[in-house]
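Each in structure tokens, the structures are laid out below.
First chain A sits with chain B, and in the next complex the same chain sits with chain C.
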Partner chain A sequence: MVVKKTIVVENLKYRYPNTSKLALDSISFSVDEGQFVGIVGKNLAGKSTLCEALVGLVPHFYKGAYGGKVVVDGVEVLNSSIGEMARHIGIVFQNPFTQITAAKLTVYEEIAFGLENLGMDRVEMVKRIDYVLDLLGLYDFKDRNPFELSGGQMQRLAIAGIIAMKPTVIVLDEPTSQLDPQGSEEVFKAVQRLSKEGVTIVMVEQKMEKIAQYADKVMLISEGKMIDFDSPQKLFSREDLENFGVEPPVFTTIAKKLNVKDETTGLYPVTIDEARRLFSL
Partner chain B sequence: MARALSLYVETNTFLQKLDPMVKLLYILLSILLPFLILPYRVVGLTFILISCLLLLYGKVFKKVLPLLGFSFLILISIVIIQGLFMQSNRTPAFTIDGLTFYKEGLLYAWTLCIRVLDVLLAFALLVLTTRPSDLIQSLVKRGLSPRFGYVLSSALQIIPQMMSEVGSIMDAQRSRGLETEGNLWTRLKAFVPLIGPVVMSSLLETRERAMALEVRGFSAIGKKTFLFDTEMTLLDKILEWVLGILLLISIIVRIVWL
Partner chain C sequence: MNLVDVKNVSFAYSENNFVLQNISFSLQKGSVAIIGQNGSGKTTLVKLLKGLLKPKVGDVFIKGINTKDTTAAKLAKTVGLVFQNPNDQIFKNKVLDEVMFGPLNIGQSVDEARENALRALEIVSLTEKSQENPYDLSLSERKLISIASILSMNTDIVIFDEPTIAQDCWGKTRVKDIVRLLVSAGKLVITITHDMDFVGECFERVIVLNKGKLLLDGSAKDVFSQEDVLSAAYLEPPYITQLCHQLHYDEVFLSPESFISYYESHRQKKETNDAKH
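Now for the complex of A and B:
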């Protein structure tokens, strides 16, 4: 069976206006439909810029020098407006507060914002809002003012607003970086549910244990270049990982120190289940 | 938990149900008529009275009081400056501690105060009794850009956000030893380290919000739809016509008089 490539990036290069250094340098990769891809790398490595290039904010919002090709759900980003790309791909940013439109008074109306912009029929709109309220556990808050939610709830609302538009791909740029552990857990559970529903997920995250647990593939970025793009086991087993400012999951670090590897694959464990299995042998 | 941003108050009176365009027309009339129709001050005062009665009826008058309190400082300064220093001041009205206030300046200040209060109360009527989404919807339905509607509604809602932001930044600066309480000079000195972070964070938040709007199809081409698609009632249409005709007559009368 041929799996559809939801994201195809070919030799992507980008430089922000009034800068001399490339923020993205010759990046090429593709993502299969329904895959969960994690992006890791140190600060200013180019992770967020790559996310913004996928949704079209680069180059349409930021301008700057752009080269290469990004195709999402069969649509080339360069030839399509951000508004049009919204039908194919959505993004959730770090700060939940600034993702609230400030034009709507209830959670219910807030979710409708994107659907109204796409000119959706009211019956379909109501159906989708009810679906995402249930999916993200926001039904009890539907009549509440979005700004009166907690950080985790607000971030789930931001995700709900994107999900309701039914994009093929959802990009999450460090969605839990400003949340407490409980808020982070709420978001991860929501993303896990989406992944199970078959949505392609691209997630930038600093919590490596979570990336190792959920991602099918992980991309390592450094100084705008893609260093590696492989399974979490292979990527986190790299001995030079810390040279790129990335700490592997804690289970992997312990296994590296004790030199405990899976005999068949020769790789270190990256999740708690893998570690438990290997350490109990 | 962040503070709610809207100034809208849900009270379920007919004012809340009134089409936002009628309220926008009312604002236009209350701004223009005190300039077009004589006697200007009487017309202005009439609008102030009407706005106050409507705000009381809409059960939102209490919400206007802080706005009035804030504007009171500006109005007092207008009275003092015009009463003392206006160029055409000729006739002394009264003297306080050797400072002479003049009739001409006080009369001009009185006119300005009426205009300021008139505009303030008319806008308060719109903001406090209109759901931001209804305002955008109403404007878009009449062919205006949704951007215009969004700017109008979000600008009005951004005030509490700014206040909250200033509070957080002030607390952060205080915790690092900045003196913000005390005499005027101390407060002025505290203003400089506060204004930079406030402006920067506002600009950053505005950019982030603009991106968040874009990725939710705000600029998508094509007809927009609305979750709560409200139609204009007969009362809305009558009021819109009455206010429109009143505005037209006032303009014609003014032209004829001139």
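Now for the complex of A and C:
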């Protein structure tokens, strides 16, 4: 069976207006349908710019110099408006507070907002809202005011609003940085469930332990360039990782110092389960 | 004398809806992390320590002075607070001016303020950026500028609100170094944080808040050993500590360094034993 590529990026180059340095420099990669991809790198490496290029904010909103090709769900970003792209790809930002419309009084209506804007048929709309309320574990809160939710619940609502539009790909830019540990875990679990349902996930994240646990593949970006794109085990086992301003999961850090590797793969552990297995004396 | 005394403090923003209930603890110089879920009362507690809020019941004493008998402006000489988001704190268009603002505001002369500001910038290793606009710097660097702006006031108590949030590993390492430096300089460093690995590596004492009540207060080792109590408050120990539990170690380790030295010595013992047999 041929797996569908939901994202294909070819030699993408981009420079913001009035700057001299490339924010994205010759980036090429592709992502399979339903894959969960984590993006890591230090501040200003180009992670958020890459997200913006996938949804079309780059170049349509930010303008600037653009070269190469980004194709999402078979549609080329350069030839489609941000509005058209929204039918194929959705984005969730860092701060849940800034994503809630504040125009709606209940969680239910908030999720309906995007669908109303698509001019969707009422029967289909109700069906989709019920589906996402269940998927994101928000059914018990459907009549609540969005601003009376906790941070984790509000971020799940932001994701629900995007899912209801049935995009093929969802991009999340540090969605858990403002959340407490329980809220972060809720978001990761919800996103993992989506990826199992076939939605392609691209997530920028600083919490390496979580990325190692949940992502299928990890992309390392530095100074606008893609340094590596591989399994969490292979990527975090790189000995030169710290040169790019990235610290691997703490389990990998201690394994590197103690030279504890999986004998068959020659790779370091990246999750607590792998670490428990390899550190048992 | 204690630097901080919190005595039977309760606080409510609206009538009878108490977000903090009967909290008591004392703090001397050293490092303390306050942890708890969103909405557990951490930020309210910090605002009470800073004198921005006054207790509805009970009293808060900073170096023996009741916050009800003084003003937040006077307390600013003793208690410094670094905001969670540097963009909420930074408002000048030159780094040096930003870092000099605090000292000038608490009555230092221009020369004194400049000297303190330059020393603070040296501590956060951003001396060479002193003439730049803070908004031309990276988020990690801006966070360090917001820290320098508080360090320049040379307060006995420094409070950090989520200092590792949205920081890459370079920024996190700088923040950890700064906390250790302040502690060795005899300050009281308090942090609110969700980052348990940061707590395990840098903080001696941990206070756990749950739904406005003080759930645990003790050494980081004692607090993080109580996995059951923590999980009732939806908290987890640092990853290293979780690994120790899963490996059934008798001892609890909070930092990668302490785990590494323990594991190394045990591995050697095992190798010697294996060689004997």
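The rule we apply is simple: the second predicted complex is superposed on the first by the 280 of 281 C-alpha atoms of A that agree within 3 Å, B and C clash if a C-alpha of one lies under 4 Å from a C-alpha of the other, contacts with A are read in each partner's own complex, and residues count from 1 in each chain.
One rule holds for everything that comes next: a contact is a pair of C-beta atoms (placed from the backbone, for glycine too) under 8 Å apart; a residue touches a chain by one contact, two chains touch by 3 or more.
This one's a predicted model, so the numbers in the text were calculated from it and none came from an experiment.
Enquirer: Is A:Ile82 in contact with chain B, with chain C, with both, or with neither (first, second, both, neither)?
Expert: A:Ile82 sits against chain B, while chain C stays out of touch.
Enquirer: Applying the document's definition of touch, where does A:Ile254 land relative to chain B and chain C: first, second, both, or neither?
Expert: In the superposition, A:Ile254 contacts chain C only.
Enquirer: Once chain A of both complexes is superposed, is A:Ser150 in touch with chain B (first), chain C (second), both, or neither?
Expert: Both partners, chain B and chain C.
Enquirer: Of the two partners chain B and chain C, indicate the one touching more residues belonging to chain A.
Expert: Residues of chain A touched, chain B against chain C: more for B.
Enquirer: Mind working out whether A:Phe97 is in touch with chain B, chain C, both or neither, as first, second, both or neither?
Expert: Only chain B; A:Phe97 stays clear of chain C.
Enquirer: Have a look at where A:Ile162 lands relative to chain B and chain C in the superposition and call it first, second, both or neither.
Expert: First partner only.
Enquirer: In the overlay, answer first, second, both or neither for which of chain B and chain C A:Val58 touches.
Expert: In the superposed model, A:Val58 contacts neither chain B nor chain C.
Enquirer: What residues on chain A does chain C touch that chain B touches too?
Expert: 150
Enquirer: Okay, in this complex, where on chain A does chain B touch?
Expert: Per the stated touch rule, the residues are 55, 57, 61, 81-87, 90-91, 93, 95, 97-105, 108-109, 112-122, 125-126, 129, 145, 147-150, 154, 158, 161-162, 165.
Enquirer: Any idea which chain A residues touch chain C in the complex?
Expert: 41-44, 94, 150-152, 174, 177-183, 206, 209, 242, 245-247, 249-251, 253-254, 257-258, 272, 275-276, 279-281
Enquirer: Given the complex with chain A, which residues does chain C contribute to the contact?
Expert: 37-39, 138-140, 165-172, 194, 196-197, 234-236, 238-240, 242-243, 246-247, 256, 259-260, 263-264, 266-267, 270
Enquirer: How about chain B: which of its residues touch chain A in the complex?
Expert: On the chain B side, the touching residues are 1-6, 8, 131-133, 136, 150, 153-154, 157-158, 161, 205, 208-229.
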